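One chain, chain A, appears in both complexes that follow, with chain B as partner in the first and chain C in the second.
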Partner chain A sequence: MIEFLHTYGMLFLVGSWPNGPIGGFAGTLILAALGLAGAFPAALVIGVARTSGNAPLKWLSSAWVHTFRSIPLIMIVFWAYFLLPVMIGFEVPPFSTALAAIIVYESAFLAEIVRAGIQSVPAGQVEAARAVGLGYFQTLWSVQLPQALSNMIPSLVNQFVSTIKATSIVYIIGVQEAAFSAQQINSIELTGALRTYLVLALFYFLLCALLSRLARRLELHLQNKRLGLAI
Partner chain B sequence: MIQFEGVNKWYKRYHALNNICGEVRAGEVLVVCGPSGSGKSTMIRTINKLEEIQSGTIRVEGQSICGEKVDINRLRAKIGFVFQQFNLFPHLSVKDNIALSPVKVGGMARNEAYALAEELLHKVGLGDKLDAMPANLSGGQQQRVAIARALAQKPTLLLFDEPTSALDPEMVGEVLNVMKSLAAEGMTMVCVTHEMNFAREVADRVWFMDRGEILEDAPPAEFFSRPRHERARKFLADIIH
Partner chain C sequence: MLSDPEVVGMLTTGITVTLRLFAGALAGGFLLAMVLTGINLIPSRLVRAVVALYVEYHRNVPTVVQILVWYFGMPEILPEAIRVWINQGNTEFSFALIALSLNVSAYYYEDIRSGIRAIPATQVEAARSIGLGAVQALIYVVLPQAVRYAVPPIINRSIILFKDTSLAMVIGVTDLTYQTKRIENATFQTFQIFMISTLIYLCMALLISALGSHLARKYPASFKS
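Here is the complex of A and B:
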């Protein structure tokens, strides 16, 4: 195992970098981080639009959610990879294609979490906010979202973890990331596939466990703050 | 201060407010009572447009609050509203609950708003709870914070929607005392309440509502001793046991 890691450690960690694009675990981290950084703000906007009284906004956001959560991620990846260049007339690098597909796909799921979170805030909270003279966006920002987001943490973490793991399928269009590295190693080694993919699985497990841990701490902190126990 | 002119409201086919006409003068304390489902909460909530009406006119300080042109947030900013369920913001400390409107709506500096919060908390007898979280307060304390929050808007009018109905009996007094002192200062108040002693002592006038109508509009002495309407007599008999 040690010799295996010695030989392939760098390929696992950073892919073919510095002789090629950065990949491996680092590639996955970058893809997942950018994916979430793009999908979450988009989901906030879409989720809020889903709860708004504005009919066109509501229709558009609902259409977005229903469309993209009903299509497998891999279909979106393929469409973006094969169809987009035909439509816009030039090649898009695989990394950007994958990133865009992940953002589109995950934003649909996250938006539903945001919508449910906003609707879980008691109506009396909104009434109290409006009664002291706050407007729609002030109410959203100062009263609804702080409470909603803190209620949403468990579901958000669920979706974040799922996003991290979902990045693994984009190796299929040649994006350099952890699963791609494992695939490369496997084709060099030919034997010991179990070992190779065990290392890969362990990487995803540790990453997701770490995220879950951090989220749990944040959740506890917010809970304590409400109870006046946080320092 | 407030005028109702032929106000009607329906929920689907249910006639919730039926031709409400009446006036509340500046400095007056009006108590609204009636059986549950009589429309009293709906009525008080139309005054700051938490409920829309379908016909008629409501004027606050001489200006109609109906129609598209009304700046609803400016209207609400000068009307304090106290809810049955307090509705404090649980993620904000007591002082932030009180400072929210002055800062966000009134454009007050945060320090100044905190000073105002402290002053108002003293007024409602909670001077030591500035940094407490709502979850750590009793129901009576939460409702007094809610009153302080309403006062922070420097309202010309205070509306109370069953402010003591969600409280344990031993906490009703502390909230009523705050309300009495506000009445003594000359605040214009509309209170939906079942506290008949409060009505007797503090109210200038009592409205009795049933099935969306105002059946009695009288000074408390008259209302309690000589209720004119049969349903008011039955209500009083049921409530005072």
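Here is the complex of A and C:
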């Protein structure tokens, strides 16, 4: 086992880097982080539209959320795979294809988190802001969103965990990430597939369990803050 | 495209396999979750630790990795008899079904557990004080309330399970996604076939969630009358 990790540890962690593109768990983390970061601005707009009073906007944003939450990520990846080159006119590397698919997919989930965050702000806050003369966007920007965002932090960490897990599918279009490394090792070793995949599972387990624990602690912290308890 | 009987045949196979995988994992996962709930009642630290580890493993490892572990890894340590038995049928389908059932069981178990935990202890005390036995209190008082708390998250998880059946394509299960790729390779009508399959996934998932909100409306968790 020690020897196995000694031989393939780096391939698991960073892929073929520095002699090739960065991959392995570093690739997974980069993909998940960029995916969430890219999806967030879109999610903010969609989430706000979901809570707005404008019927067409509400309908459109709901349709977006329900559609992309109901389609498997693998399908969206395939869509991106053949639609992106047609749309922008040149070949797209697998990493960008996967990133585009993840951004679209995650925007729907993040939008729901944004919506829940905004709705968790007491209505009195909005009424008070409007009463002192702030407009709709001013209220949104300087009263609702700052409070909503801090309420959203635990959910965002959880969504990051989900995204890390979801990215493991993109190895099928050749993106260099953790599951791709495992597949490479498997084709070098030919035997001992159980060991290879269990090590892969272990890496994911440690990463995601740690992040989930962090989310739980943040959640607790937030609950105490809401109840006005000293921490 | 849909006038070609061959394409329709492949598509039908895909839909059938996806639905079988979904129904099988749903039933298997639910049974396993019940068994886990029962096992966790055993007052032993070791048993609880094992159950907790089982749940954590299935929640923190990507579903696709779990499928790969079962398909590529497990045959190495499975007893000969079981391996032969699995290989007699559809090997890929069986391993995908096992992996998805185990995966979803961990989530169902957590949903059932938090449903039961949502019922205040005073409910049991009240039930016992009017003369119900422990089992009667469980059946007539705790479970009917707990189920109402557990159903919405279970439905949500089932939608995710339905989407996760598409992951079985990585080991070659002929589900809807796999068949879509095959039809695309055979006809080159990429846009049409992907549109058809995406719509099928979309409709099925929306149907399950509509069923969920119907149940949630019919059996609301809080008993306000």
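Just so we're on the same page, the second predicted complex is superposed on the first by the 199 of 231 C-alpha atoms of A that agree within 3 Å, B and C clash if a C-alpha of one lies under 4 Å from a C-alpha of the other, contacts with A are read in each partner's own complex, and residues count from 1 in each chain.
One rule holds in what follows: contacts are C-beta pairs under 8 Å (C-beta built on N, C-alpha and C of every residue); 3 or more make two chains touch, one makes a residue touch a chain.
As the structure is a prediction and not an experimental result, all values here were calculated from the model.
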Where does A:L5 make contact in the superposed view: on chain B (first), on chain C (second), on both, or on neither?
-> neither
Identify the partner contact of A:Q125: answer first if only chain B is touched, second if only chain C is, both if each is, neither if none is.
-> first
Which superposed partner A:F78 touches (first chain B, second chain C, both, neither) | second
Between chain B (first) and chain C (second), which, if any, makes contact with A:I188: first, second, both or neither?
-> neither
So, A:L214: does it touch chain B (first), chain C (second), both, or neither?
-> neither
Taking the superposition as given, does A:A33 touch the first partner, chain B, the second, chain C, both, or neither?
-> neither
Which chain, chain B or chain C, is in touch with more residues of chain A?
-> C
Report the residues of chain C in contact with chain A in the complex, numbered from low to high.
-> 56-57, 59-66, 68-69, 72-74, 76-77, 159, 163-164, 166-167, 169-170, 177, 180-181, 190-191, 194, 197-198, 201-202, 205-206, 209
Touching residues (chain side chain A, partner chain B) in the complex | 122, 124-125, 127-135, 138, 142-143, 146-147, 150, 225-228
Contacting residues of chain A [partner chain C, same complex] | 66-67, 69-75, 78-79, 82, 161, 164-166, 168-169, 172, 179, 182, 186, 192-198, 200-201, 204-205, 208-209, 212
Using the touch rule from the top, collect the residues of chain B that touch chain A in their complex.
-> 48, 50, 73-74, 76-77, 79, 81, 83, 85, 87-91, 93, 100-101, 104-105, 132-133, 135-136, 149-150, 153
